[in-house]
Amino acid sequence: MTQSQVQLPKRQLLQTHLLRRESIGNSYHVLTFDAPGETGPLPGQFTMIRSSEWGQAPLLSRPMSYLSGGPTPSLLVKVCGEGSARLGRAEAGEPFLLLGPLGTAWRAPDPNRRQILVAGGVGIAPLLFLAKSLAGTGKRPLLLYGGRTNRDLPLSDDAAESCQVEVTTDDGSLGHRGRVTELLERTLNDQVEVYTCGPDRMMAAVANLCFAAHVPCEVSLEAPMACGYGVCLGCAVPAALGGYMYACVTGPCIEAKAVDWERTHATFGKPAAKGEPT
Amino acid sequence: MTQSQVQLPKRQLLQTHLLRRESIGNSYHVLTFDAPGETGPLPGQFTMIRSSEWGQAPLLSRPMSYLSGGPTPSLLVKVCGEGSARLGRAEAGEPFLLLGPLGTAWRAPDPNRRQILVAGGVGIAPLLFLAKSLAGTGKRPLLLYGGRTNRDLPLSDDAAESCQVEVTTDDGSLGHRGRVTELLERTLNDQVEVYTCGPDRMMAAVANLCFAAHVPCEVSLEAPMACGYGVCLGCAVPAALGGYMYACVTGPCIEAKAVDWERTHATFGKPAAKGEPT
Amino acid sequence: MTSQSVRIGSLVLKNPVLTASGCFGYGLEFDDFFDVSTLGGICTKGLSLKPRDGNAPHRICETPAGMLNAIGLANVGVEAFCRDKLPILRERGVTVVANIFASSVDDFVALAERLDGESGVHAIELNISCPNVTHGGIEFGRDAKMAAQVTAAVRAATKMPVWVKMSPEAGDLVGVARACEDAGADAITAINTIRGMVIDVANMRPKLANATGGLSGPALRPIAVRMVWELAGAIKIPIVGIGGITDTRDALEFLLAGASAVQVGTASFRDPCSAQTIMHGIREFCEERGCDVTELIGKARR
Amino acid sequence: MTSQSVRIGSLVLKNPVLTASGCFGYGLEFDDFFDVSTLGGICTKGLSLKPRDGNAPHRICETPAGMLNAIGLANVGVEAFCRDKLPILRERGVTVVANIFASSVDDFVALAERLDGESGVHAIELNISCPNVTHGGIEFGRDAKMAAQVTAAVRAATKMPVWVKMSPEAGDLVGVARACEDAGADAITAINTIRGMVIDVANMRPKLANATGGLSGPALRPIAVRMVWELAGAIKIPIVGIGGITDTRDALEFLLAGASAVQVGTASFRDPCSAQTIMHGIREFCEERGCDVTELIGKARR
């Protein structure tokens, strides 16, 4: 089933307010909003979120994947800069603007395969949403969940309700010590399909393993976004067919094969161009 | 006693937090801060206030007169723009930066005269601080307090504790209908002295009446301020001796005679210069 | 009843609010949000003769009350625009200003000629001020002679109104605008972005792959208002004001400074309905004062 | 131990953080706050031959992440400065850069000569870029020839290091800076403010009595960083970076872009200790990386 066949819910700018914020450790927060009567998002979609109280700085909305949908959609936020820090100290009742649901949803799971979800840190959000939607179908995916330390694995307990969870940490402070790809390698076969969300390099490694094993692999793209709905052309990601695709409309959820991972590293990873503007 | 004889408290940038906010009607708020062990401000002095959570916009601190001093100083804030609106929705615990105490204090009252305080709207704040400091000396000043409507007279009940209060409103919704200057005119004699804070035009009218009646008159200047401690030169007010004085260091509290009220109106009231930048 | 229509040369707009080039796609991305035909008009993403992929990522980054972009004029090309986008816009009755970009006078002329035959295009806006491309961007817009040359050539190639979009980096902005006026421009759009840079301190490199990008958003607004004010004192053709408009008050600043219409750019990113909200806001402002919108134009100057 | 000292021509600064002209008074208003002699230096409010009252109010207004000022170079005059301020600064061991302003080459020379005899002044900064005065401000700074003429004349009149402060409104910034370099400037300070305007929509007039004012603060920073980056690729003399610096990260952007030192302006208004905090912050950054501050200069370019 290709993406274009999925009927995506209508996008709108929702004026709402924060229902509650739950902190997980120091850097993660689950924010739940009031959205009665909204067309819910599909797993994998995201929203562009801003507080009405931000004024002119931070200027832009922040892209965040839905952690859950329905009348009280939630987000999992990692504090890493000015915008996410503000999200991480928002109090119930604060007025928010949520533009969404945006972007493509996860490809519908193949009923004949087992789903392997590969998450890095906060990348858990759209995968957990997918896992929960699978629960209704009687499926229990395998979640391979990696983080730097045991503090970088938010919602791993929660995940155990809908998934079989295996955890890795760089420092061995929880679960397997090492990379999530080491676990993945052993589980790939022609009975599975992979969904992954996390740092670019992790997703690229996951995609490579899947290509080699001929396993379908779906990724969730990340890029700086100004609009989230296809008009600023800021969120370019190098496309396998040449040129660029746009993470907010062609993605975020897309076949790993559609991405030119080499150019992605070349542009995102490398030191930026030097000298005069070109 | 001239201003220069008063030893002003040391200025500092105080990192503190909001203890509580009390709303008065829709547009006024009393904010109380925690400032243990601080040199308290004198009546008439002001602070430059910002929340540490404002980020880069609003950029500058806002000048606000102290309503009270001591270890839990308070401010009376009228909501009129972005900064004051944020102050008006701040919650207890929010971190704030208070630069102060700044500027000149009210001239020490003359023990041989009765003090008449003439307040317009939010201008009540530094006058009420003065009145309360007088209470200890057994003095009970007369407060003439004017506002557009009965909703523009915050703290008038509070004032009754330390002052004899007479109120005017433009629409007659409380007290005398008309201008505060109409009340003042009848009370001027050589046994009184006047302190006034409010809109420029009101203070000018008060000053004029006092000049005519040879009554000492002290005003609290208002001007847009960037720094509040004398380095930006933004807060220029036309001086009677020619040139400009600076509201934040020569003022805010100053003899009405020191101000060139005609040029003040000419520059503040008139349509700004036209044509090309000069 | 107040009249909201404004005249930009021979073109009469329903109201003074347009959307800015590069910030509204091709006007077809807004179906979920509002009916774009109600706007004064839309400016298309900058069109070139051939489709362009644009610059390598990262293309955007945020700055205090602003953002930098170095999109590099990614666009579908004028052919695809005329084939796939324009018919729909025309059918919907959208007022379309085609923003065009080229690296030579000949190519500007070729673009204008190509669009001249197309019904549904109501004006051409010459982007001689793009800071993000190697050739044909800002150098046209910085120099009065070159700007005039492009304007005159396009003027001769089309019957449509020609708007010329100013670069705020021109040392002599008024001189460039006057030269364009003399060369036959119907309106001056002011302003495009100013080049800026953000350095990622952690990895010690510029954040944008292109190193520099154009600054837009509220941070830029005071500069844009000042430029519109200066231009309004110097030229006779209408000015279309742009730069950091996010709400009705902002838009009114530009009208009062002397702009006959405004464009909403970056603000659409965080609220796709910004332009519509501003359009309603200006109408209400006029209704409260019982005036037509044209009475506001340049009022702060009188 | 990391070394924080930087060399600006013949002048060695304790560390790379100075305060900007017009944002730090004469350096004597900070006694309650901190010891200004710990800074790399302070730039005085712009000094003229005669005292100046400055412009009519309103002189300032806030903008998104920035502010406009049209102070009009109010200052005590060079005589009062030398008589009342300088002796105290000298006694305290403050590194003083005298920012000077005049409306003719002769007056610039007279100012330089007057200061040349004064011990306690460590460098002269030529403000050829003030946007808020009728004569002798920005027109010197916009034109390479005029800028070079002022620089050469002052160069000949003093033994002190001469810094020239750039106007971001110069159409050809690099050209102006090169001309100053050739004329004997020891350093280039970049940048001064860009003119902007805010219109009070309620009373339909510009907010500033002077109509326009110079934009400073974080809004300006990306433009300033870009200009420092461009200059660093074009001239050999040191660059002193300035524009919208509010914290350590911001200051590092300028150093990495190629500035040898930075000036903190508007940020001092909301926190008088900003420059000191940034000075400490840069030291810590260097200590964490085990490098001298000079190793950071221009590092984003390599």
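By written order: A, B, C and D. Residues from 1 in each chain.
The rule we apply is simple: a contact is a pair of C-beta atoms (placed from the backbone, for glycine too) under 8 Å apart; a residue touches a chain by one contact, two chains touch by 3 or more.
A quick note: this is a predicted structure, and the numbers were derived from the prediction, not measured.
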item: Chains touching both chain A and chain C; value: B, D
item: Chain located farthest away, centre of chain C as origin (C-alpha); value: B
item: Chain centre separation (chain B, chain C; CA means) in Å; value: 46
item: Euclidean distance of C-alpha centroids - chain A vs chain B, Å; value: 53
item: Euclidean distance of C-alpha centroids - chain B vs chain D, Å; value: 34
item: Chain A: positions in contact with at least two other chains; value: 56-58, 274-276
item: Contacts with 2+ other chains: residues of chain D; value: 63-66, 195, 205-206, 211-212, 217-218
item: Graph class of chain-chain contacts, one of line, ring, star, complete, other; value: complete
item: Residues of chain D defined as touching chain B within the complex; value: 22-25, 29, 32-33, 45, 53-67, 69, 71, 74, 131-132, 134, 195, 203, 205-212, 217-218, 246, 266, 268-273
item: Chain C contact footprint on chain A (complex, rising order); value: 10-13, 48, 50, 56-61, 97, 99, 223-238, 242-244, 263, 266-268, 271-278
item: Touching residues (chain side chain B, partner chain A) in the complex; value: 53, 55-58, 82, 86, 89, 91
item: For the chain C and chain D complex, residues of the former touching the latter; value: 63-66, 68, 142, 169-172, 194-199, 201, 204-206, 211-212, 215, 217-223, 225-226, 229, 244, 249, 252-253, 256-257, 299-300
item: Of chain B, residues touching chain C in the complex; value: 56-57, 274-276
